[in-house]
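Below, chain A partners chain B and then partners chain C, in two separate complexes.
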Partner chain A sequence: MYMTITDAAAALRTGETTSVALTEAVIAVADAHDGELGVFLARYTDTALAAAAKADAELAAGIDLGPLHGIPLGIKDIIATDEGETTAQSLVLDRSWGDMGDAPVVARLRAAGAVITGKTTTMEYAIGTPDPDKPFPIPRNPWSTEHWTGGSSSGTGGGVAAGMFLGGLGTDTGGSIRFPATNCGITGMKQTFGRVPKYGCVPLGYSFDHIGPMARSAQDCAAMLAVLAGHDPRDATSVDRPVDDYLGGLTGSLEGVRIGVDPLLTHSSQNVPELTAVLDAAVAELRAAGAVVSTVELPLYAELKTVTMVGLAAEAYAYHRPDLQSRWFDYGAGTRMAVATGALVPAGDYVQMQRVRRVGKRKVAELFADVDLIVTPTSACGAAPLAKLTFDDIIDALHTPYWNAMGNPAMSVPMGFTTDGLPLGLQIVGRPFEEAAVFAAGHAYQQRTDWHLRAPALVADLLAA
Partner chain B sequence: MRVGRVRGHLEEEMHPAVAAAYEAAVAELAATGVEIVDVELPTFDLAAAAGWWIIYAEMLSLHEGHAAFIEDRDEMGASLLGAAPFVSAADYLRALRLRPLFQHEVEVALEGCTALLTPAMVALPPVIAPEMFVDVGGREVSWLEAGCRTQVPFNLTGSPALVMPSGLVDGMPVSIQLVGRPRDEASLFTLGAAYQRATTHHLRRPPVPAHA
Partner chain C sequence: MPADPAVLVPALLAAADITPSPEEVAIMIAEFPGRAAALDALYAVPEARYEEPDLVYDAVL
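Take a look at the complex of A and B:
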């Protein structure tokens, strides 16, 4: 069983499987491997099976809530759910924070019939590095348990890759959906800033934060975003505009679509030698699907990546200042250092950051006059070994933060492996609110490739069962 | 029409003669047929500080490149630019987050009123000197602090504010300030025109020397 959401939705309707069977299967994978992989902070087995039974009864009665009906999902544990507390994987967060119950995104998934299997691991408060001295699991990569999943949506990334649920929610402030997606060989979408409401989600950098879908395929992410997107006035940054039809445009053809490629090779010191060949092969598939490919150069690349890192640190520090001052040692070592750098940002630099951001948005919009989509590697390399993790190295490898400053939709799809067998991702970026075009490109690519369907050896036996 | 006189911080510390002139102006405004009621802006003792955090941040963003030439500034310019780097991004973000709360206080104070009334300044204009201080009744404060106390808060809230001459003290002009709802400049002009139809403060001219 290594189904996409799309496959599972079809199988549920032909009677080939049931939601209870799907849910029992993912529970079996979690029983076998969660201890090793550190996917869950809380598992909601009983309520998940009850929700699955309800979905089966509804489908049998002809009540069809759409492609997520009866599908097991995981929720990153900085998002509130009815089933239990939200921890942000931290000793610091007041556990009454989650008393609000379902965040709008979770309520929407639930209303669409999804089965909530549990709360997944994160970097503490969605930033830093895993701290073995704290009483939380260390997320390990299903492709190699000596390596990290990436983060901060670590558990959702590892859990989808291992088959512990078919999709889930991540959040992305500097790359926290796309980073575990590239590291774990799955698909993850950070849609346009404001497209999905964030009420009920612990903030990190509130002008950079996004909640978004993670799943095996672009089509799965499109089905999830169709449910997640839409205005909610409880989030001041939520945008009130109609939600496009994301699934309708998945034709498999990119005929006439203009795609600009920037390999960004000079912007990381961690490029693996095989990156160029893997990227070239991916671009060749886009071209074969009909795309008109050109080379582009992202404007103000270093400046705008810095915008995100400086801005999110300042905003995170503004949120954490009182607790950092009184409970320094309750924070994980990586988290407190990453957030505390925000204390060193003068207000003038913060204002300057916002001004540079405006200039960047104008220049990126100019670039998008010549191309419809931009593709880059998501990361310069595969997953990092857990033994050698530093926050600076993580950021150096990633090509994701640029797009948090800009707010454009950006999705990572699997595009192959390093010679060490670690997944690599292709980042596909569109104009603001043109998620449909990004999904269409990801889907066309995935119609021609099967990287997103590859299963890690660790769970291959269970998935084949 | 009803106008809310803002009691509390904005008028509690004033040069005595300026305070007396303000009372006279309030009476003149009432005599035009406007009902004057007392209102409060409970936390506006903090509004100027929050406003300055934002001003410092934006000033530094714009003038960072000029910081190396701080010696070319006059003393006040140099002291403002020199202090700017000590406002942290976290303080700036806090000021931005407080801004709606101050705006809400203005909205509450305006309930049932067309405008708010405050002194335009709590002191007389300063005497030109290397260090300029003004008397606010019993103590001296820097000119900038006194000058901004009643005004910067409404830069922070973004409210329209109209300042009008309301008399002379020791031969120097003093003024009142009307503050309105966002985008309701029209009401301020209506109130101001009525006040100036009934008074002549705005027609006084300085005693310009004949040879000038």
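Take a look at the complex of A and C:
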């Protein structure tokens, strides 16, 4: 049952499978491997099976709520759900925080008939590194359990890759959807800032945070975003504008689409030798689909990466200062060190970040006058070994934070593997609110490749059963 | 002359009333110059000299 959401939705409607069968299958994978992979913080088996049975009854009665109807999903545990508490994978968060019930994004998924299977692991408060001294699971990569899934949407990334659900929600402040997506060989979309409401999600960096979809394919993510997108006044940054048709433009053709490529090789010390060849092969597929490819250079790359990483720390510090003062050692080591950076940033520097951000927005818009999309590697390398994780090395390798400062839609799709068998991702970026163009490119690429359909050996036998 | 991180960082932490371990303070001191240089570089972006910050305040709730 290693299916895309798209294929599962079709199978549900032909009678090839049922939502209960799909849900039982993913539960069986979780029963077998969650202990090793650290995907879930809480599993909602009974309510998931009840929701699946309801979906089957509705579909049998001719009530069709769309492509997510009856589909098992996972929810990152910084997003509130009706089923249980939200922990942010932290000893610090007041457990009454999530008493509001479903966040708007979860309510929208539920209204679309999705089956909520549980809450997934995260880096504490969506930042830092795994901390073995705290009583939470260590997320391990299904492609190699000695390696990290990436984060902070670790459980959703690992869970999709392992087949414990078909899609799920992550959040992305500096790359926390796209990072586990590239590391785990799945697809993850950080749409335009403000496109999806963040109410009901524990904040990290208020002006950098996004909730977004993670799944096997661009088409799956498009189906999810079609449900997630839309205004909610409870989020001050939520944008009130119509939602585009994300699925309608998935033609498989990129005829005449202008794509700028920036390999970003000079911006990381961790490029794997095979990165260039893997990226070149991916770009060749885009060209074969009809794209007109040119080389571009992202303006103010280092400066805007600084804006995101230091800016989010400053914003997070404002939220966490009282708890940092009174409960320093209750936080995980990586989280408290990353957030406390905000105490060392002058207020004037924070304002300067916002001035540079505006300059960057103008320069990127000028770049997008010449191209319709930009592609880069998502990361310079594959997943890092858990035994050698450092936050600085993670940030050095990632090419995601730039786009949190800018707010453009940016999606990671699998584009191959390192020689060690670890997934690599291609980042596809569009103009603000042009998610449809990003999905169209990702879909065209995935029509020509099968990287997104590969299953980790760890679960291949179980998934084939 | 730039302030000495070994003086500045503990002072800023004390002002914030947060008390990391000595080992953690040492890491923060070691990391401070690199981040300060990255922040200084933001003032070297010429187009930002007379730019408005991307901050929006709305007087209506």
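By our rule, the second predicted complex is superposed on the first by the 465 of 465 C-alpha atoms of A that agree within 3 Å, B and C clash if a C-alpha of one lies under 4 Å from a C-alpha of the other, contacts with A are read in each partner's own complex, and residues count from 1 in each chain.
In the analysis below, contacts are C-beta pairs under 8 Å (C-beta built on N, C-alpha and C of every residue); 3 or more make two chains touch, one makes a residue touch a chain.
None of these values were measured; they are calculated from a predicted model.
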Chain B and chain C placed together on chain A: clash or fit? fit
| Between chain B (first) and chain C (second), which, if any, makes contact with A:V26: first, second, both or neither? | neither
Note to self: Going by the contact rule set out at the top, does A:V39 touch chain B (first), chain C (second), both, or neither?
What the structure shows: neither
Rounded to the nearest 10, the angle in degrees at the CA centre of chain A toward chain B and chain C equals 40
Query raised in the report: For A:E303, is the partner it touches chain B (first), chain C (second), both, or none of the two (neither)?
Result: second
Between chain B and chain C, the one with more contact residues on chain A is chain C
- Message: Touch test for A:A314: chain B only (first), chain C only (second), both, or neither?
- Response: first
Margin query: Looking at A:L324 after the superposition, I want to know if it touches chain B, chain C, both of them or none. Which is it: first, second, both, neither?
Written below: second
- prompt: For A:A347, is the partner it touches chain B (first), chain C (second), both, or none of the two (neither)?
  reply: first
Query raised in the report: Should A:V359 be classified as contacting the first partner (chain B), the second (chain C), both, or neither?
Result: second
>> Per the contact definition in the header, classify A:R336: touching chain B only (first), chain C only (second), both, or neither.
In response: second
After fitting on chain A, the minimum C-alpha spacing between chain B and chain C in angstrom comes out at 6
Overlap of chain B and chain C contacts on chain A, residues 321, 343, 345, 349, 351-352, 355
Per the touch rule above, chain A residues touching chain C in the complex are 300, 302-303, 306-307, 310, 321, 324-325, 328, 333, 336-337, 340-341, 343-345, 349, 351-359, 361-363
In the complex, chain C touches chain A at residues 9, 12-13, 15-20, 24, 27-28, 32, 35, 38-39, 41-43, 45, 47-48, 51-55
Chain B contacts chain A in the complex at 53, 56-61, 64, 84-94
Counting only contacts in the complex, chain A reaches chain B at residues 314-315, 317-318, 321, 342-343, 345-352, 355
